[in-house]
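Shared chain: chain A. Partners: chain B in the first complex, chain C in the second.
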Partner chain A sequence: MDLTKKSGVRKAILIFAGIALFFLPLGIVNPYFMYIINLILIYALLALGLDLIVGYTGQVSVGHGAFFGVGAYVAAILAKNFGLSFWLTLPLSIVVTSVIGFMIGFIGLKLIEEYLVMATLAFGTIIWLVFLNWTDLTGGPMGIAGIPAPPTVKIGSVEFPFLQYHDYYPLLLIFVYLGILITRLIIKSGFGRACTAIRDDELAAQAMGIPVFKTKVTMFTISSAFCGAAGGLYAHFLHVVSPETFAFGMSVTILTMVMIGGQGSIAGAVIGASILTISSEALRETPELRMLIYGFMIVVMIMFFPKGMMGVFQMMKKRFLQRKEQLEKPTVEKEGLSYE
Partner chain B sequence: MNSKAAILTVDQLSKSFGGVKAVNNLSFSVTQNNIHAIIGPNGAGKSTLFNLITGVISPDQGKIRLLNNDITSLRPDKIAQHGVSRTFQNIRLFPDMTVFETAFIGTYLFTGGKLLPAILRTKEFRKKERQAKERIEEILQFVGLWEMRNEYAAKLSYGNQRRVEIARALATNPSLLLLDEPTAGMNQKETKELMQLFTQVNKQGITILIIAHDMHLVNTLSDQITVINFGEKLVEGPPEVIHNHPAVMEAYMGRAEVNA
Partner chain C sequence: MGQSVNVFVKKTVLFMILAVLLAGCSATKSSSGNGSSKSESGDSIKVGLQAPMTGDNAQYGQDMKNGVELAFKKINSEGGINGKKLKLIVGDDKATPTEAVAVVNKMIMNDGVKAIIGGYNSSPTLAAQDVSGPAQVLHLNMGASPDLSKTGNKYLFRVILTGSVYVPAVMKYMSEEKKVKKIAALFENTDYGITMYEAAKTSAKDLGLEFAATEKYNPGDKNFSAQLSKIKALNPDAVMVVGLYNEVALIEQQAKQAGLKVQFFSPDDSMYSKQLITLGGEAVENHIFASMIDLNADTEEMKEFKKLAEENNIPAQANSAIAYDAAMALAKALEEGKADAEKSRDALANIDYKGITGPIRFDKNGDRANTPMIMQVQKGDFVVIKQSE
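So, the complex of A and B:
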């Protein structure tokens, strides 16, 4: 059928683009640009994770910046104090963040809507205060510096050391691809459908046999696991973690990425991460303005484009197709619309 | 009919909200494969009864049994697992889903919500997904929505929205289907078509418990009618008996003047 052929072509283009993206660093000389691109990848992973619970399950969290921090600190502490390699610290950051995410989700998700937002805000702040004040473990306000780079990867006789920003890019890209793949696999399953049903109508979802609380907690845990992975990558990429990175502002930033990109959309999460990372780098000189602008962007998005940039794209696509259809077929027969 | 077993037994059920006894010591049973109607004036406790049966609220007293299982105070999703499905008085669809997607949600109990098989895309997982899709195609053909499967459910006409709800409920593969005022606000044509659909559903071996206001609908459709008022059972019986029962007339029309 025409449809399957079309989706096959689309898949081939996506795979080709996905592979082509690995060669992006070849065209970029400036290490600062590479640094920003790497940051985008880390934020994309965060936005994908938050989108799972906000976009697909409809439970708003403003505590995910803290989960990002837990991942980063766990990796930093294990690498610095115990000398573990990146390949061990990363899975452990994911595990620890998931456990904390599960505990917070288990308590917080008994609450709904604005109360859940308040609870995640409170938990996020508590975790941030721990980073700030448990000086023996976290280094307090100074944070932890000198986190080692991942060990050199050897494939056959070819070595891939992690020396400069360019070297991290393929590693981060692989993790973003993994994140996208897992998101897709989850969304296109009974579990993922259950989440969207809960987002749309909890009572109806439950009447269909969906265990609402369990599903929400599971998704919250997966979502925090994404942030844990992003945190572990961040610590080894920047070699330094400090508490102010993971304050409330970070949670808001990730949420803004999801909202601007478009909730419940993989491409939206990536677009949102790109827009916000670039704009926040551009606003480096005036950090006070940043939150003001984010707030303004969120308000504008919610008022005019509730489905984010992806919603805008879809609207444009729909209009384009409609116009095309009108031009091709001035009179549409009613029978012609049937699917049979 | 007497040889058939009761699928649902409600035993001395009571529920109060503050001082109001919404359901008061109510007992009745629904015979398998019947269409059983619950009627009563506004505020008689019909919807409360439905919410009690489906686990949305818990009773103060009494038992609800489904076949031989006690389902009293179970969570709604557990009750759905026992084979009870429902539609809502105010149609509850998923606003961002197409007709197909909405009905597909009903297959949750069949496909399950396990994560690992979903991430690994096991053979079993893919088989179940395929079977679930086939089942939805079958159901949408049955309720007459297959042509509209890719439209947003919330944009359909009122009557068709109700069909989507019924399709979604059927997808859970229920043995008992609860319909809460399914034809409220429908025009005559829609009501008639929906009644035909209910009969067809019933013919598939699904017991139907229906709340209704429309006496015509109740009389033509149901095998058994339970009339409730102020949370208590007034009378019970087949339509012929209920139709001219004085207690029913009184509940609906008020007490007759007994001036000689």
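So, the complex of A and C:
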């Protein structure tokens, strides 16, 4: 009884905080901060997507940067060459990325553990090389610039044009909420539980009658769809895409976000995206040392907090509860004594 | 139990240190954020440098930074601009469009720069001017692409001569002086490489020259044997290489090893750096190219620049000299326009300043207009073989 009440209160707080987040731009004057927050939202979507396959299904992929790129390039090419609006390019980039994700998953997921890592690495590199060398379509190393902003949204007589970074924030936030919602729905479903079963013990899961390969491929496809959405948003938000963004480094960055935040956790994905984006931007002050410090930080995080920030929080929570128990125990006894 | 507590404490302490580190980073950022409003009323004017500070093109970025720093040092020691000191904010664009957008965003919105010097490469500059234009920030770039003349961004100026001037000059020289008829082209597969090649093809047609081969490579490539063996089979009179010094040096070394002994030339001065000779050695001897600047020139401006460079222990590179000129012209415009965006722009558009690289004037597209000189690598040094007209 008490528990349900508690979780109800928690839910109410979460919903309230979620709505409150929409008003964040009112408190931020510096458009550069808004730009960083928007980037965090895009990376959060990517981390959520990768976490589905890494955190919940236990299959490591280092090719998701390429899916991100496919989404971005599909949106960029459709918008620039065919003049399609954002509301068409985004679904199309999700569809195309899912199809490519499905194909790669179908081939790659027949492999296990380190072989899967190698396979996704290879696929990611191949896709990146296509971006780099298919000059007629992708613009080669110079990429595609001048991608138009999403068209003005009209709700009744109120117009929401996309001119400043502030204007993109609600759109991106909605997509992150959608991502969180879909993730929650998936992991609470039977399908999601099948995925965690595969993560924990693939053989046992198979023995229980879970179609392991089918489940993995489905999850991989959903995961790549997340990256496709993030890519489409990224292209229309930054107005420029170029191949080096989606090289191997991006795949590693997304994976690091998931690791630092904590695998198999929605909040972890968001926290990981925030930490890495903020530190990478903050270190712009020292361009020569930037990658060095950044790399060192990641090494320290992975070495000392292998379970990520969420692991740290859980550990703290556990200690807090234990301490509380220890403190409460004697008082209960005392109370008992006084009653006697 | 006791041990696990110990480990926990250790981890917590480490985490705290990291958190402090992170907080420190964001603190410095927010303080400079407040600085953006300060810079307008305070005693300094901030100018950004958007250039490749890391990666394959880091040398160019470093040269540009050196040049701008020299100019700022000189201006600040002479009292600054209307009493305000110039302050340089360096941003690494990694020679890529997305990083350029990110770093220009940061410099304009967070640091509140009044002007940006840079973009060494064309593609990052094209992407970045989409941000700086609407923000009314002066952008003095060093990109070579003709697209930079067609942006319609009236805050965008180009401080270097472009391919449209360089290419015909070099092609004419090769045709008239070197009696070249059949040329093989090897160029980097970028905006810059492709447009330079297209321009060369047009001017070759006018001069009655023939392009026998068109080979491409990607920036950062290390092995060119496939392209070079194809070129060798066609037996051209000369090879035109469009690229930056690291690739040009490698190409000519590998050409020598492959037994390809013809005249190499480049349509512009993108490889005009001591690094070319350091990396290429003997192999780059006799390389011909067009340049807007001669570092051995006997002019007052050049002497002053060299003196300053020597005092500050900075190598007197071509790119440093061009960046120095850009910074001096910008300072003059900011002084006349009293650092007001609109007025400074007009001042820069109508500027007539005698720099190291000749008279600095801009046409209505924001491009420089004076003819280049033809230069050659001779005995490990750069020598003018034809003066500018």
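Here is the rule we use: the second predicted complex is superposed on the first by the 310 of 340 C-alpha atoms of A that agree within 3 Å, B and C clash if a C-alpha of one lies under 4 Å from a C-alpha of the other, contacts with A are read in each partner's own complex, and residues count from 1 in each chain.
Keep this in mind: a residue touches a chain if its C-beta (ideal position, glycine included) is under 8 Å from a C-beta of that chain, and two chains touch if they have at least 3 such contacts.
The structure displayed is predicted, hence computed values, not measured ones.
Colleague: First (chain B), second (chain C), both or neither: which does A:Leu327 touch?
Modeller: Neither partner.
Colleague: For A:Ser242, is the partner it touches chain B (first), chain C (second), both, or none of the two (neither)?
Modeller: In the superposed model, A:Ser242 contacts chain C only, not chain B.
Colleague: Classify the contacts of A:Gly146 with the two partner chains as first (chain B alone), second (chain C alone), both, or neither.
Modeller: A:Gly146: touches chain C, not chain B.
Colleague: Between chain B (first) and chain C (second), which does A:Ile278 come into contact with in this model arrangement: first, second, both, or neither?
Modeller: After superposing on A, A:Ile278 lies in contact with chain C but is clear of chain B.
Colleague: A:Ile19 in the overlay: touching chain B, chain C, both, or neither? Say first, second, both or neither.
Modeller: neither
Colleague: What is the contact status of A:Ala197 with respect to chain B (first) and chain C (second): first, second, both, or neither?
Modeller: Once the two structures are laid over each other on A, A:Ala197 reaches chain B alone.
Colleague: When both complexes are superposed, which of chain B and chain C contacts more residues belonging to chain A?
Modeller: C
Colleague: I'd like to know which partner A:Pro31 touches here: chain B for first, chain C for second, both or neither.
Modeller: Second partner only.
Colleague: Chain B touches which residues of chain A in the complex?
Modeller: Residues 182, 185-186, 188-194, 196-197, 199-201, 203-212, 215, 218, 222, 264, 338-340 of chain A touch chain B in their complex.
Colleague: Along chain C, where are the residues that touch chain A in the complex?
Modeller: Spelled out, the residues of chain C in touch with chain A are 8, 11-12, 14-15, 18, 21-22, 25-26, 28-29, 32-33, 36, 53-54, 90-92, 94, 96-98, 101-103, 105-106, 109-110, 122-123, 126-127, 130, 189-191, 218-219.
Colleague: Quick check on the complex: what are the chain B residues that touch chain A?
Modeller: 54, 56, 75-77, 80-81, 85-86, 88, 92-97, 101, 104-109, 111-115, 118-119, 121, 125, 129, 146-147, 149-150, 168-169, 171-172
Colleague: Taking the complex as given, what residues does chain A use to touch chain C?
Modeller: 30-33, 35, 132-133, 135, 140-143, 145-146, 238-242, 244-245, 275, 278-279, 281-285, 287-288, 290-291, 297, 300-301, 304-305, 312, 315-316, 319
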